[in-house]
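In the two assemblies presented below, chain A is common to both, partnered first by chain B and then by chain C.
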Partner chain A sequence: MAILHTVNKSPFERDALESCLKHALAGSSVLLFEDGVAAAVDGTAYADQIKGAMENVSLFVLGEDLKARGLGEHKLIDGITVVDYKGFVELAGKNDTVQSWL
Partner chain B sequence: MSDVKKFLYVNRKQPYGTIYALESLEVVLIGAAFEQDVSLAFVDDGVYQLTKGQDPSGIGMKNFSPTYTALGDYDINKIYVEKESLEARGLTIDDLQHLTWEDEDEDWAEKDSIRVVSASEMAEIMDQQDIVLSF
Partner chain C sequence: MKFSILINEGPYQHQASDSAYKFIEAALEAGHEIFRVFFYHDGVNNSTRYTVPPQDDRNIQVRWSELAEKHDLDMVVCIAAAQRRGILDENEAQRQGKDGDNIAPGFRISGLGQLIEAGIQADRLVTFGD
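And now, the complex of A and B:
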């Protein structure tokens, strides 16, 4: 079964991302949005954890939330796919379930 | 005895995801009318409030980041940003807006408002305040 995991909390404030990555099975997708987009930037304290997870799961980030925070796409970890709201909906449709890590 | 008190506004949240950042900015601007000794601290996720190039049009919110550049006009020119917080987030001062103020004692010379300080320096700044407001 394919699951889309969504994380909307900052990794620096909550453990939602950490818990998500611990429970995301190989082949599933993780979408970062709202305050969660901070984790998509390279060079952060969580970059290594994200890179490790990307060996098994696909990472996505919502471009609109990056732009809101002035975080340019050039700052992102290589291999993370930027999607817009339409892409978010498509991911939700493509997967069997959506699990929100609130 | 002077009525001027030292106020510190501590900002620890990202902009836009919650309302804290905007609320803090509004309280700072209201407080500016009372001619107190105001400092702003940006620690933890609060450092994201000062990033340059913010554009929240795609998430249907108002871009309030230009307001930070007006703080100098309200004599708010002590803006402390914690170094460790920037580093943990893969950010440097170059990722932040260039905030300035004009010093009337030095023929309106333009000076930087942002001072990047260590966590231990920030602790000292916090220790020197009369009133601390947290957001």
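And now, the complex of A and C:
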């Protein structure tokens, strides 16, 4: 069963992303939004963990929240897909269920 | 596809109300159905009509009422969470001996069963919170 995991908190604030990546099965999708977008930036202490996870799961980031925080798309970890709210809705529909890591 | 939305965070607290609103707009735009929007925990604070944010700020509460009217949304507020936070409709205000109610147009107060039903009836339940 394909699951869309959503993470809305920065990994520097909460361990939601870490828990999410530990639980997400191969073939799942993870969407970073709100403060969670901080994790999508390359070169942070969490970048290697995310790159490792991307061998099994697909990473997405909400472009609007990235932009609101002054984080340009050129700063992202390679392979992370930027989506808008339309893309968020599509991801929610495409997966069988949505798990929000609050 | 049918979506239900759960909002667990108050307006102006962080970003959940804004994210949920934009998700719902995008879902409706794409032709999906919103089965129900359920407000729980501090999320019930989205439903008081007494909010008066500065004029140059978005009015989150009014925005919900307008969206509900435009798209005939079913917006349900958890009764126990609402009572703890002073959110009352006319019936509850009378029953509790309070001098007035404050629920905004488009919202209705009901129980957690409505959340369970929202989860069962919709194809996807998407949660926004803190």
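Here is the rule we use: the second predicted complex is superposed on the first by the 102 of 102 C-alpha atoms of A that agree within 3 Å, B and C clash if a C-alpha of one lies under 4 Å from a C-alpha of the other, contacts with A are read in each partner's own complex, and residues count from 1 in each chain.
Everything that follows uses one rule, which is that a contact is a pair of C-beta atoms (placed from the backbone, for glycine too) under 8 Å apart; a residue touches a chain by one contact, two chains touch by 3 or more.
Everything quoted here is computed from the prediction, not taken from an experiment.
**Student:** Check whether A:Gly63 is in contact with chain B, with chain C, with both or with neither, and answer first, second, both or neither.
**Tutor:** After superposition on chain A, A:Gly63 lies in contact with chain B alone.
**Student:** Counting only touches as set out at the top, which of chain B and chain C does A:Lys86 meet: first, second, both, neither?
**Tutor:** Touch partner of A:Lys86: chain C, not chain B.
**Student:** In the superposed model, which partner reaches more residues of chain A, chain B or chain C?
**Tutor:** B
**Student:** Give one of first, second, both or neither to describe whether A:Glu13 is in contact with chain B, with chain C, with both, or with none.
**Tutor:** In the superposition, A:Glu13 contacts chain B only.
**Student:** Quick check on the superposed pair: does A:Glu34 touch chain B, chain C, both, or neither? Answer first, second, both or neither.
**Tutor:** The answer is both, since A:Glu34 touches chain B and chain C.
**Student:** For A:Lys94, is the partner it touches chain B (first), chain C (second), both, or none of the two (neither)?
**Tutor:** Touch status of A:Lys94: no partner.
**Student:** I'd like to know which partner A:Leu102 touches here: chain B for first, chain C for second, both or neither.
**Tutor:** After superposing on A, A:Leu102 lies in contact with chain C but is clear of chain B.
**Student:** Which partner does A:His23 contact after superposing on A: first (chain B), second (chain C), both, neither?
**Tutor:** Neither partner.
**Student:** Does chain B (first) or chain C (second) touch A:Thr44, or do both, or does neither?
**Tutor:** first
**Student:** Share the list of chain A residues that count as touching for chain B in one structure and for chain C in the other.
**Tutor:** Shared contact residues on chain A: 8, 34-35, 64-65, 84.
**Student:** Which part of chain A faces chain B closely enough to touch in the complex?
**Tutor:** 8, 10, 12-13, 34-35, 38, 41-45, 47, 63-65, 67-72, 75, 84
**Student:** Touching chain A in the complex: which residues of chain B?
**Tutor:** By the definition above, chain B touches chain A via 13-18, 44-45, 48, 51-59, 61, 65, 88-91, 95.
**Student:** Considering only the defined contacts, which chain C positions touch chain A in the complex?
**Tutor:** My answer: residues 1, 3, 8, 14-16, 19, 22-23, 25-27, 29-30, 32, 123-130.
**Student:** State the interface residues of chain A toward chain C in the complex, per the touch definition above.
**Tutor:** Residue list for chain A touching chain C: 6, 8, 33-35, 64-65, 84-86, 88-90, 92-93, 97-98, 100, 102.
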